[in-house]
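I'd like to ask you about the structure that follows.
A, B, C, D, E and F are the chain letters, set down in written order, and residue numbers restart from 1 in every chain.
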Amino acid sequence: MSFLPLKERSFTIKIMSERVYKLLQQGKRIDERSPYEFRKITIQTNVVEKANGSALVSMGSTRILTGIKVELGTPYGDRPNEGVFSVNAELLPLASKSFEPGPPDERGIELARVVDRCIREGKAIDLEKLCIVPGRTVYVLYIDIYVLDYDGNYFDPSVISAMAALATCTLPNYSLVNEKVERVEGEYIKVPIRDVPLSLTIGIIKDKLLVDPCLAEENSLDTSIVICMDSASNVVAVQKNSPGHIPFLLMESIINIAEEQISKIRAQFKEVVGVG
Amino acid sequence: MTQTTKPKLIDENGRRLDGRGPTDLRSLKIEVGILEKSDGSAYVELGKTKVYAAVYGPKEAHPKHLAIPDRAILNCRYHMTSFSTDERKILGMTRREVELSKVIREALESVVFLEEFPRSAIDVFVEVVQADGGTRTAGLTAASLALADAGIPMRELIAAVAVGKVDGTIILDPSDIEDKYGEADMPVGMTPSSNTIVLLQLNGKMTKDEFKQGLELAQAGIQKIYQAQREAIRRKYGASTTEV
Amino acid sequence: MTQTTKPKLIDENGRRLDGRGPTDLRSLKIEVGILEKSDGSAYVELGKTKVYAAVYGPKEAHPKHLAIPDRAILNCRYHMTSFSTDERKILGMTRREVELSKVIREALESVVFLEEFPRSAIDVFVEVVQADGGTRTAGLTAASLALADAGIPMRELIAAVAVGKVDGTIILDPSDIEDKYGEADMPVGMTPSSNTIVLLQLNGKMTKDEFKQGLELAQAGIQKIYQAQREAIRRKYGASTTEV
Amino acid sequence: MSFLPLKERSFTIKIMSERVYKLLQQGKRIDERSPYEFRKITIQTNVVEKANGSALVSMGSTRILTGIKVELGTPYGDRPNEGVFSVNAELLPLASKSFEPGPPDERGIELARVVDRCIREGKAIDLEKLCIVPGRTVYVLYIDIYVLDYDGNYFDPSVISAMAALATCTLPNYSLVNEKVERVEGEYIKVPIRDVPLSLTIGIIKDKLLVDPCLAEENSLDTSIVICMDSASNVVAVQKNSPGHIPFLLMESIINIAEEQISKIRAQFKEVVGVG
Amino acid sequence: MSFLPLKERSFTIKIMSERVYKLLQQGKRIDERSPYEFRKITIQTNVVEKANGSALVSMGSTRILTGIKVELGTPYGDRPNEGVFSVNAELLPLASKSFEPGPPDERGIELARVVDRCIREGKAIDLEKLCIVPGRTVYVLYIDIYVLDYDGNYFDPSVISAMAALATCTLPNYSLVNEKVERVEGEYIKVPIRDVPLSLTIGIIKDKLLVDPCLAEENSLDTSIVICMDSASNVVAVQKNSPGHIPFLLMESIINIAEEQISKIRAQFKEVVGVG
Amino acid sequence: MTQTTKPKLIDENGRRLDGRGPTDLRSLKIEVGILEKSDGSAYVELGKTKVYAAVYGPKEAHPKHLAIPDRAILNCRYHMTSFSTDERKILGMTRREVELSKVIREALESVVFLEEFPRSAIDVFVEVVQADGGTRTAGLTAASLALADAGIPMRELIAAVAVGKVDGTIILDPSDIEDKYGEADMPVGMTPSSNTIVLLQLNGKMTKDEFKQGLELAQAGIQKIYQAQREAIRRKYGASTTEV
């Protein structure tokens, strides 16, 4: 995943980059999509029974598995009335020859932190409803994202899969009996979803834009940016995620395209998952 | 976690908790070539146990001082997702995952013609998506197929399955709960055509006779797995290439 | 830590807690060439935010298998001292520091002529001595100057600043407390002469219009930072070299 | 410690391997032993006074030091009435040029886990007697194995040394006074030993078997397997610990040889340590 | 920082070493200092407002920043009536091309441990006054040293900067209200300083000594030693910190020079910081 | 651990807890060549302090970019078993072990003819089996013998011992309890024939005179250690090779 500006790239990448750009000038792409068209999305939920929530999402050939495990824990000191979640992401070496085994590198960490920001700043979860005893006992959600197959753009399907896993996640129910937190056997509750933030990755080549780059395109881009929006089209997270320049004047188009395409992803999400 | 009492694992009719008889395999699903970006891949589902394997290589060994002049290095990582088990698994490699990576790798080294790729490396990645017993044997079964799918020359395929002892009975393919409350768990990997053992571990107590009985049950189960492997390859590549 | 209630961040006169108006920058101090042993260095102080940057290289890439045939590698580490924050920061790199190292490095890669130094490495170190908001943008501003001070050829300088949204108002250069209790924080790095964005992140909620308004405010702030950068270079090198 | 099948090995190893095999065909070995004869075993206990238990064991030139430190701790949630033990093994770089400094690699981890399984599945310790307050306070035994000198087969002497250290290990005695666990000054108890599981490593070359390979033999083997048995000759742990094939039909001989030789090791263990 | 004995060094270092030695024979040094003269010391305290104490110290071009963060914690079991401090040191890669990013290497660890010994054995802090509830709650001081610019001899300015940060460090005041430790809002106390141990690094070339080596000299030395003394000129810590030989007979001169020069550093310290 | 009161370390007759006088060494046992698979080894027992040392090399430096063109690298690891101390030592290297590895290595570098083995590496491993005071000096004494046993050319042997100050008296070879309750601990390593110091540390408080007195007592103790080293070498190699 090398995103260097044109001049630094090796010859073959330069050729490819020129081809991608020429196609874009004609409104075309190497895989027959139109510039602002994202790849086919499939969403399967509850694929891992041992997880409290899970979703396998593919966007073209990029495939992401998210699972959620729930535990009881203590809230953060400055947010005693809120449940806690944490996001981790692993770029599994199964998924690409460019991923190495070992603890998450900067790319895995960036992915996890961007998804975390989407969920947190997009107010996706009603965290106050995940508090059992204020200041003492809350639900802790571990949202773990695994990239299984990587054909470019792991950001958008990761957000989808994290949100789909959350929206279908069930939590064991607890009640407070004589100051003690006790499991209500057999009862489960849903994670209270407030909103479904979703993202779109946009690639830039010179003055042209394209969305949801596949791997071959990704290597040809000048740079790229991830835009995350909530259901009211507020911008809730942004990450320029590769080297290179974005002409200032392109930002307006970027935001408009993001709004338009995210609403299409949202429609698909809602159809499959039921919320959105 | 509270102390839980051992459930009865085999009922008066000789049926197991999930309805199987002692020598029954769980439902088995195998797919070859399921991950697009790897050089070879496979998916094995055995009951609720779900495992992916992917292969990259042969490729240049890196860093170079690790290269071996007269053969390829085979690397193997057996890894579980954090949500694959009842209790959340910590991120990073546990000692168990390190050991299992070793025994799976050594089984695969027994059949790959490593000497055909001097100074090269072949990477095998096994990812356990859900662990309900028999993950290392399902992983080895998948890894062997992923190597075949990657076109890496092998003497023969490996098929693997675990046997166990529960309530005094030797059983095929124990599930997680049978493993947890049973008396023994014995994963076995074999080359089904030449009848050799390439992976063998035992965790638990068996008499000498039970041990032999277990090995024979494993051998029979492995033949079934092997048939499913051949069918999966046939589905992907057609009849002509099934004689791996 | 006890739950603290959000203070009023903008008063009835439109003044911020430290007396600034919404579009005011904090007091800015820039020094170039402040560390003797590095090849280039800079210090940026923006209010209580205090950041050093130092550059080493171009030098031979090490270990050699990491070298790239047709350009230099640019390494970057953004790091905070343990006492730079309200709560003591753990020793070692946090995930936040790893992410910020990446976005700062990618911004710098956009302007350095890496292809002039094949097989080489350039190391950039950003050390946050005190963190009171805007450390990554101050760090990028300093790193860009340190590269210039090291004589490393660049297309142009980078200047950077954060904008935020507090009490519904878009503000320039949020402090730590404004960041903590505000609605959004958006660090922006630009090439002030060619008007391109090289670093952009957003953490928080903004309408599309606020987002655009924020970008424009950042652009204006970046011009001020850029003037200060040029002055700092002039102070060190004299008038002739300011046109970087 | 490279255990590759014959074809992959370098020329010298191939020559050595052929020599070992030819000797085996004549019932001989390179160090004058007969095929099923293990090397001379020496066992010294209480060699480290600061440890609660310790044993220095050599098997030929392979030398293993095990020490045990005891602490108080909490039991596992699903075993509230049992003490806890953990096994660690380090292949010290003193012992061999093939061992590297640093945290245990896969070989050290495998060794520790195999010894752990021998002790655990062989029911070596009466763990219930190591419980002080059910669910709250139990003895925790840290069994740490160090390979000091490595001339092949660290498994069998490690099991011997762990068992010898356990069998001679003393624990400070504690009593429950007013709900509080208190040290009974000057009083010590022994670790309650229920059985002494012991192991035998068997090497395979083609159709021939040998036991307790020395380093030169180890490098010549097709493969090898560790068999662990309790005093009733139950198989309690098995580990095929190197690449290569074991012909299925050899397994019966392997088990029989293991039974026979382990009983000889047991006799020696009993003579020196007193239990077995 | 290579301190190898003369013969092993590359040619240029050998030349430099000879030059340094010849100058020393004439009572001179490469930077115009006399042999026992340390470089210019500057001390700035309270440079980091978010730290409880901080000091930026330069000795020539070597520049050290120390910051102290205070937390509440539990005392050590064998010292229930004493507060706790720990020293960490990082040789930041900003400071020198010979420093690598990552966790402290042996040089950083040595620096931290030598400064720790100076403070601890020099009885710099009245630790009993840092105890709030014996056996339960004490002040914990994290003294973190960062080398920002490295032109030789990081030991002496690190000791100065740690002591200056300590001497100007303020602690939030706590009182015991109904068995509970409570913050006395707005009140601060000073760290109780009992003594100000200070160090001097002395380099040895053959039969000659020099103090506070700059980087060019450091590379030319046969070896070097750090001497730390308290205000009564007791030796409270010593560290030979590089390979090479110190002729036994030089030790007397070394101690005498240390005593003399440390008292000069102490005078400067006292002038700026107010204690000493 | 409960707070324990300091025992009287020197009685009215000037005897120490274990009956020694202030300038007495504990019983010393030295064996050379005790580990078969290393290139050189030694074992030193000083009272209850028990230390092994082993040497591997000279061998090719690995990875190659660490090799030095005109001399060998000397690596040294001082390590303690988990059960060597009163409280269980954590697995892995503590900061103390890292520091002691450095000072032992630097002492050894002072006497080994590293320039005779360009691009090579010599590895020295010191393993503390039981720690009852003086482990670094016992380790250095053993390491020096292991280097000699490995046939690595050295200017001369190193012998080492600690001195301490307890109850106001300067003593030779403090035990663990004397170290814990004493006023100072000073490990000293010397080249006994040329009378130079190669290792010197002090932890504790001494007047200038006590410091000098301590050095002299160490020097005398080191001569005794040195005699024992020579005897141990003679036992292994015979009289002709003792003049190392």
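The definition used in the following text is that contacts are C-beta pairs under 8 Å (C-beta built on N, C-alpha and C of every residue); 3 or more make two chains touch, one makes a residue touch a chain.
Small disclaimer: the values here were computed from a predicted structure and weren't measured.
Q: Give the chains in contact with both chain E and chain F, ordered by label.
A: C
Q: In terms of CA centroid distance, which chain is the most far removed from chain D?
A: Chain C.
Q: Which of the two pairs, A-C or C-E, is linked by more C-beta contacts?
A: Spelling it out, more C-beta pairs touch across A-C than across the other pair.
Q: Centre to centre, by mean C-alpha position, how many angstrom separate chain A and chain D?
A: Those two chain centres are 48 Å apart.
Q: Could you tell me the distance, in whole angstrom, between the mean C-alpha positions of chain C and chain F?
A: 50
Q: Starting from the mean Cα coordinates of chain B and chain D, work out the distance between those two points in Å.
A: About 26 Å separates the centre of chain B from that of chain D.
Q: Spell out, as numbers or ranges, the residues of chain C touching 2 or more other chains.
A: Counting only residues that touch two or more other chains, chain C contributes 63.
Q: Between which chains does touch occur?
A: Pairs satisfying the touch definition: A-B, A-C, B-C, B-D, B-F, C-E, C-F, D-F, E-F.
Q: State the interface residues of chain F toward chain C in the complex, per the touch definition above.
A: It comes out as residues 63, 65.
Q: Enumerate the contact residues on chain C facing chain F in the complex.
A: Listed in rising order, the residues are 62-64.
Q: For chain E, which residues count as touching chain F in their complex?
A: Chain E reaches chain F through residues 3-5, 7-8, 10, 77-80, 106-107, 109-110, 112-113, 117, 121-123, 223, 225, 230, 233-249, 251-252, 255, 259.
Q: Which of the residues in chain E end up touching chain C in this complex?
A: Interface residues on the chain E side: 47-52, 54, 61, 63, 65, 67-69, 71, 88, 90, 92-97, 101, 103, 142, 144, 146, 148-151, 215.
Q: Going by the contact rule at the top, pick out the chain B residues touching chain D in the complex.
A: Touch residues, chain B against chain D: 1-4, 70-71, 95-96, 98-99, 101-103, 105-107, 109-110, 114-115, 184, 186, 190-191, 194-208, 211-212, 215, 219.
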